[in-house]
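Should a chain be cited, it is by its letter among A, B and C, assigned in written order, with residues numbered from 1 in that chain.
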Amino acid sequence: MSANSDALLALHCARLGIVFEDDIRPGANYDVAVEHDGQVWISGQVPRVLGTIAVSGALGAGVSLDDGQRAAAICVLRALTILRQRLGSLARVQRLLRMSVYVNSDASFTQHSEVADAASAILYEVFAPHGAHARTSIGVVALPKNAAVELDLVVALQRP
Amino acid sequence: MSANSDALLALHCARLGIVFEDDIRPGANYDVAVEHDGQVWISGQVPRVLGTIAVSGALGAGVSLDDGQRAAAICVLRALTILRQRLGSLARVQRLLRMSVYVNSDASFTQHSEVADAASAILYEVFAPHGAHARTSIGVVALPKNAAVELDLVVALQRP
Amino acid sequence: MSANSDALLALHCARLGIVFEDDIRPGANYDVAVEHDGQVWISGQVPRVLGTIAVSGALGAGVSLDDGQRAAAICVLRALTILRQRLGSLARVQRLLRMSVYVNSDASFTQHSEVADAASAILYEVFAPHGAHARTSIGVVALPKNAAVELDLVVALQRP
């Protein structure tokens, strides 16, 4: 990817008015990301900003589509911030492999793809013109800390 | 795999009476499959045939096990059709790595494995004798467009 | 990893008083694990011990956090036992990549991470000091055979 990716990530965070910790750490005994053999596996991210879940609850049961999309955007920005912190720069990313998006929803909700689109759009902008990724979106009955959305990523790095 | 895989895929589609688009595309800003470094990551597929969800609703809440299995079969045939369209031929597949199967179900349903078996059986037939794959099956509270089943795949390609 | 990993796995099983089959097999037409190109993909494991689901039901709807953690521990020990059976020894593992933890829960439950911690703690002990792993934990409305927890793993092997 280009060095622009880091600037675009910062721009998207600024637009949403969010600032993440300088060194994002997991809550417990696992790691936020594992790099091995040219792949980085990023742990499931909820829309947490400085210790607070920005969007809580379930789509179809009180959380609007707009708020769900904002949650998805914050999740992916948090995942990319972890990636930048680990790699030094997003310029080391070569390809995005899969994003899995877990939408806290009730049984009547069917717009999981529309929620995930908000995260995909950011990937396309930040990594243009190489933002393509496989994606899976599902509805889940509950999420850690009652987050509205959780997502994880697998990315491939440039070979040295 | 053998060149027979393409013929077996066509046979299974014909048996179910389904015809997919000549060029399956995603609904929005992601890709249906990403190939990188000998792996293909296929996006979550619902039982969509020419724009229509063939089986909607939840197992345990109106959708029968038979219909759930038909949904799983259509999902995996759609995923394999995407793979064939991308690769030119399924003969380029060397190994199947993981299939994740998401079954739209209520809290009382427990036969998620039996639903997934319908997709696994097709993988075994199409890629015989190399159809083995790791599998995860879970129950989800809702799926995009109220699909009864969604599944995704990771496969490994022959090295050139 | 070290040869100690096998001994630590046996110790953890003994502590919980569980004995797995000598050759763990899947219920149907898939495989419990697939090894390819230095990665092993392990199928979703429920807390099954010699044919019986040790912990059934949903967190937040009758299953306590303690029992959920015991379920997660049994799941990960079962996954590691499969891995040891396949590889001959856990000493062949180089890195853990991702563990996905699916917690059978109702909509009110929010401690999915705490359930998953029980499995992560075992990974850290068995593979010390290389137990780090990416992790995703979500709440699911139902699981195969009404299991309380299901989890899967992707691990990387030492290169020969």
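In this section, a contact is a pair of C-beta atoms (placed from the backbone, for glycine too) under 8 Å apart; a residue touches a chain by one contact, two chains touch by 3 or more.
This is a predicted model, so every value here is computed, not measured.
Chain copies chain A and chain C are related through a rotation whose angle, from the C-alpha fit, is 120° to the nearest 5.
For the pair chain B and chain C, the fraction of shared interface numbers is less than half, so the two copies use mostly different residues to meet. In whole angstrom, the spacing between the mean C-alpha positions of chain B and chain C is 25. Touching two or more other chains at once are residues 106, 140-141, 154 of chain B.
For chain A in complex with chain C, the residues that touch the partner chain are 26-34, 36-37, 39, 41-44, 58, 61, 100, 102, 106, 140-146, 150, 152, 154. Residues 38, 60, 94-99, 103, 105-114, 116-117, 120-121, 124, 131-141, 154, 156 of chain C are the ones that touch chain A when the two sit in their complex.
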